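One structure is given below, encoded as structure tokens.
Here the chain labels run A, B, C and D in written order, and each chain numbers its own residues starting at 1.
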Amino acid sequence: MKQLDTELSKQFTLSDYVEQRPELAFVTVEKQQLVPLLTYLRDTKKYTHLVTLTAVDWLEVNQFQLTYLLHNYETHTDIGIRVKLDRDNPVMETIHHLWEQARVYQRELHEMFGIDFPGSPGVEEPMILEGWQGPPVMRRDFDTAKYSLETYDHRKRDTREPEIYMKEKLYPED
Amino acid sequence: MKLKDILSPFYVWKRAFEKPYSINTLTELRPGSPTYRGFHKNDVSKCIGCGSCAEICQNITIDMVPVSETKDGDSGLRPRFDYGLCCWCALCVDICPTGSLTMSNAYTWVEEGLDKDVRETYCFTPGVDEKHWENEELGYHRPDEYELLHLNRLPMPHLPTEERITSFIEMVKGYSREQAVKEADRCIQCGICTATCPAHMNIPAYIKAIREDNIEEGLRIMYETNPLPGVCGRVCTRRCEDVCALSHRGEAISIRWLKRYLSDSVEGEKYNQILASEIKPQNKTVAIIGAGPGGLSAAYYLLKMGYSVEIFEQNKAAGGMLRYGIPEYRLPYDAMDKDINYIVSLGAKLHYNTKVGKDISFDELHARFDSVFISTGLFEASKLAIEGETLPGVLYGLNFLEDVTHGKIPELGKKVLVIGGGNVAMDAARTARRLGADVVVIYRRREIDMPADHEEIEEGYEENIEFHFQAIPMKIEQTADNRLEFIWGNAEMKQLEEGKRPVPVMIEGSRESIIADTIISAVGQSTNYHWMEGEAIANIKFGKWTIEADRWGKSSDPKVFVGGDIFNRVADAISAIADGHRSARAIDSFLQSQTE
Amino acid sequence: MSDKYPPIVNGKSVYDLESGKYLKMWQGPQHPGVTGNMSLELIISGDQIVDCKTHVGYLHRGFEKLMERRRYINCFPIVCRICVPEPDTNEYLFAAAMEDLMGIEVPERAKWLRTLNMELSRLASFLMWIGGQSGAFGHGTVAQWALAHRDFVLDLFEEWTGARIYHMYTTPGGVRGGTPEGWDNHVERVLQGVEKFLTEVNHVMFNNAVFKSRAVGLGIIAPDMIDRFGVVGPVARGSGIVRDTRKDNPYLIYDQLDFNIETETAGDVYARAMVRWKEMHQAISLIRQIIKRMPRTGPLHITLPNVLHLKVPAGETYVRAESTRGEYGYYMVSDGTIYPRKITVRGPSYSHAMALLEHLAVGVNIADTHGLMLSLHTYPPEIER
Amino acid sequence: MTDIDKIHDSLEAKPEPADTETNNNTEREWRKDEKTLTNSELSLEEQDWFCDARPQPVKPAWGPIEKFYNWARSHSLWILAFGTGCGAIELRPLVTARYDISRLGMQPRPTPRQASVFMIGGYVSIKTLKRIVRSYEQMQGPKFVVAVCSCAINGGMYWDSYNTIKRIDHYIPVDVYVTGCMPRPEAVIAGFTKLKELIMAGKAEGQNLYAEKFDWYKANQKQVIKDWNMPDYNW
């Protein structure tokens, strides 16, 4: 896998290479170079299978990380391509022309993270949620437990921490 | 289309002559399999209400609710399950440190829902609310091969026995960082220990600090309730470990060694910086009689509250029983001095070699200071009350240990007999062993009744100390060659009173003897109040052994407070520290009320 | 014929419902032929579908969000709910991803038991599928048999793991217990029953004029579509693609077991059904091999650091396994805290049910949509998670 | 755990949902009487397509006749084949050879029009709730609801999910609950047996409860279903 990274580095600006297992590596690429890189990997390097496309929210550094995971059926190796997006203006090029199912992934990311993929068919349509009015749910600043407790009717809990309970019962004055 | 394709499906008719798949009766329920994860059961007599089940449950299924029946080391809470939330993953069963929580193979619970809120109906406390599956034998129990908890503690490295019996070097080596973090990781943070600790130290919090490698935070947490952590980290009687949730199926967390690790990890010079807090000076003075753990603890908290404190100590160094009663191999003087020096550095004024009643009168203290805290400790050894006790060669444990501390090592001879089963007896025995004598320990009851630390007894065995149990002393005689003959009678344990511990009763006519060079009696300590005289004691009420005081240590004279061994009767360091802390707060509120 | 289909502009069919030529019809979520909860928005002309749109989200619980706020050990009970008919793949993959990040090797015996668990669960899932597939083409009898046999497999699970559906057996660090005594005989009895059933299925379903005439030639997936649509598993193997995660990227003890990749070349519904029928035989053979060869003693589980505050080292990983629908994968990102940063579940149904089905449905008779959908073997809960 | 409790504490007791919003549409003033619904979410044109009558409670027939009716109802429970959550997975074994509940006079029906029992299988997402309400209202009376799995009772393991409702009885009336995750088919059968008993005793009056507290149920439904684009009562 290291060899592939070296080879790719000649043409693309890559960074943060991590080899998790001999057959799985992750690498970060510049946002502008992603589509050429994916096309290159698909057409030249036989990474023909788009395994998944997902996003990770790094709220602390105000970034979204998109991970494109590709699989090579001949060498049976995977490469994960990371792209960092600005969290305030998350826009990414679409890759639905490379893989048909990418448009579904992109549609989901648009709904769940609010990442836009201009040109991807149907990307604006709601996919999973219906009538959702809050912020994109998978963003880390959306607190699902809080939302759930505020929105739905929960049975009031009646629990005690052993430590605090024992203090109140056995030695309240200390 | 082939003819075969049309005829082939008629094969299905063959089934008409076979046994149907259907289960025979629909109304009778098939029992769940023997390991079925059905409804919960809880053996409430085993449950200690530690709340681990509630902690691991991701579904907030488990509420801890109070029950009336409790026992020692029991929070008084029991898990209540909400079957509107449960997912029957059985993690609660797997983590249960006592093994009280299990599952039955019952699985049917139907409720009608129109007229009530079934969410309340589906809540129940297993073992308390009676359910029909209560006595179901089958059902999920944690398989033996599968364990979520680490039940065994990390072994503490000790000096090898051969080295141990020849020197007074501290025998416990202490945990390294990796070991401490690993040991701290075992903790399930239930907090039952906190309630049991006399000083109510926030044990889970400082264990968490160790786990997260935040030593300074850990030190701060310890000092909130205990200003002598280095001492307690070595010699505490650690009742917390007796009730540790993990001790039910495995070994308790080494809370004492973790405390020691924390205090050893910080250099004494840094204490001031780490523990720095804003001190608001108060224009009041407090006298403390006795620089033992109780006095030092009171001094620390009073100093932190801004009072000026003067301590009067009859010996030439502070520490009291810690210094003069506990041998160096258990509590090295360096470790103790580290704690004491920090307290002194806060501004405590220590008067050494000053015995109240002799060098300075109690009246004077009472008049000069705004408040007086008495923690003189049990400095008098109890008598054996048998014939021959006054013979030369018969020593008292306390005096013996004190002499060793002062460097006055008495001539022990080859064979030493120690009478008693407490920590002082063990200390005396093991000190004598280190001084080169063969030691025999004589105790009235059985081994399990010994008040001494279990570990100490075990280490005593390792050090080749001999034990005689159920032996009631009868008399001591001087032999012809100037040695001592100790005569005792064998006893049997009798349950005289229901609910109390059995009492040794002498077997008629039994008589055994042993010849030794020295006999060390360590059967208890007491105190006296002869030093308290004058007008100032007019308002103080004395009990049989004690000064009468409320739970805050406040005596009938509002200015005078008591604490430590003379007050709490448990007579261990941590109780004295707790008294000191408690009284310090009481003194504070008394002095504040004076100001107003 | 040609004017039957609406014109396509920018990759989207443009149709005028007012013209009376097209009719919009919804199938699902409340529809007997639709597996699980999902719906198809069909545009039909006559009884032929001219456009299809898959709607999912009826089972969305937000697993990926929920896992972000659960400790690792607490993710373990929740992951199996992602795919209801075949939960064990999820359990294994979650554990495997975690073990990969922590650098933990599970005991040998646990590996065998995990494999057994996965194969047994594959068998149950295939039986579930055959019930649906036959039912979709009107063979209710086969469905009755299949579901009963699946229930016998579930009985095995119950005896072994303590639950019928959600076994929660593969925990991070190993497995939750050994097999009970006498269980092997029960397995053998059930397997013989399933084998007999498979023979009958061959007679009643595969050699059935009705099934043949409806399934052959329906929903053909050409080999060149495989990578373009991200097709995996039996669906890909039905088009002659020789791929199987168990062989290609062996995990657990699959490299020690004897099996071949089953393929068919036609690429239609019939071929895919045939592949699955063969794979059921394969699963039976694998289960027998495992039971015969697995170690009976040895540790089952290594105790992790205290699970209540277990931290997983920062990093990211992807693990995959072969489920009945094909490659199933977990992408796990850890930031070194006690909560996972992100766990993405890559279910094979995702690409099959959305992009692929929408493509294949065009031109199909409405009555055949369910047969087509089931031949892709989609389980909606794993699409929307 | 503790921060959740804090949120719990900070939330005050929820006020009962307000009654149905009044229609501001002046053109349709004549619709505003007690027996009609406003269907205010629909366009004027659509309002004409749908009926605006409210559901009405059904009075039981004369004693012995009603008993006979109940006997008949309890012996022909047809289940709506709508798998609303993971509980649906146990519906299939139930209706097939192994458990074969047709022996109890029960069978799955593909359409709400023919079904009399609605089995809620566990968690209900918002999107499904909309379909559940619709399907339930479309079912012909007398109709009954059996809710299985713990999720339907109090949210189950999705208690903190943003997309699932926590208790189904706020949205449709539930006659019988069966707890478990998953409840075994036998437990579900026990639930149905219980339902039969209730029907025989004339106590399974969920349908009437729905009609009586219609406004309350509707308000609850509209509180969580944000894009309400269907008539208020679908029948």
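Note that contacts are C-beta pairs under 8 Å (C-beta built on N, C-alpha and C of every residue); 3 or more make two chains touch, one makes a residue touch a chain.
Everything numeric in this text was worked out from a predicted model, so none of it was measured.
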| item | value |
| --- | --- |
| Most distant chain from chain D, judged by the mean position of its C-alpha atoms | B |
| A-B or A-C - the one linked by more C-beta pairs in contact | A-C |
| Separation of chain A from chain C, taking each centre as the mean of its C-alpha atoms, in whole Å | 23 |
| Chain A and chain B: spacing of chain centres that average the CA atoms, whole Å | 50 |
| Between chain B and chain D, centroid-to-centroid distance (C-alpha), Å | 57 |
| Whole-Å gap separating chain C and chain D, where each centre is the average of the chain's CA atoms | 31 |
| Junction residues of chain B - those touching two or more other chains | 21, 32, 54-55, 58, 60, 82, 84, 87-88, 119 |
| Shared interface positions of chain A, touching two or more other chains | 128-130, 137, 142, 144-145, 155, 157, 159, 161 |
| Where chain C touches two or more other chains at once, by residue number | 57, 60, 62, 65-66, 69, 77-78, 144-145, 148, 163, 166 |
| Residue ranges of chain C in contact with chain D within the complex | 29-32, 36-37, 57-62, 65-66, 69, 77-78, 81, 84-85, 128, 131, 143-145, 147-148, 150-151, 154, 163-166, 381 |
| Interface residues, chain C side, partner chain B - complex | 70-71, 73-74, 76-78, 141, 144-145, 148, 155, 158-163, 166, 168, 171, 174-178, 180, 200, 203-204, 207-210, 212-213, 299-301, 303-309 |
| Contact footprint of chain B on chain A as seen in their complex | 155, 157-167, 169-171, 173-174 |
| Complex contact set, residues of chain D against chain B | 1, 4, 97-101, 103-104, 147, 150, 153-157, 159, 167, 169, 173-181, 183-184, 186-187, 189-191, 193-194, 198, 203-206, 209 |
| Chain D residues within the chain A interface of the complex | 2, 4-5, 7-8, 11, 14, 126-127, 130, 154-155, 159-163, 165-167, 170, 224-228 |
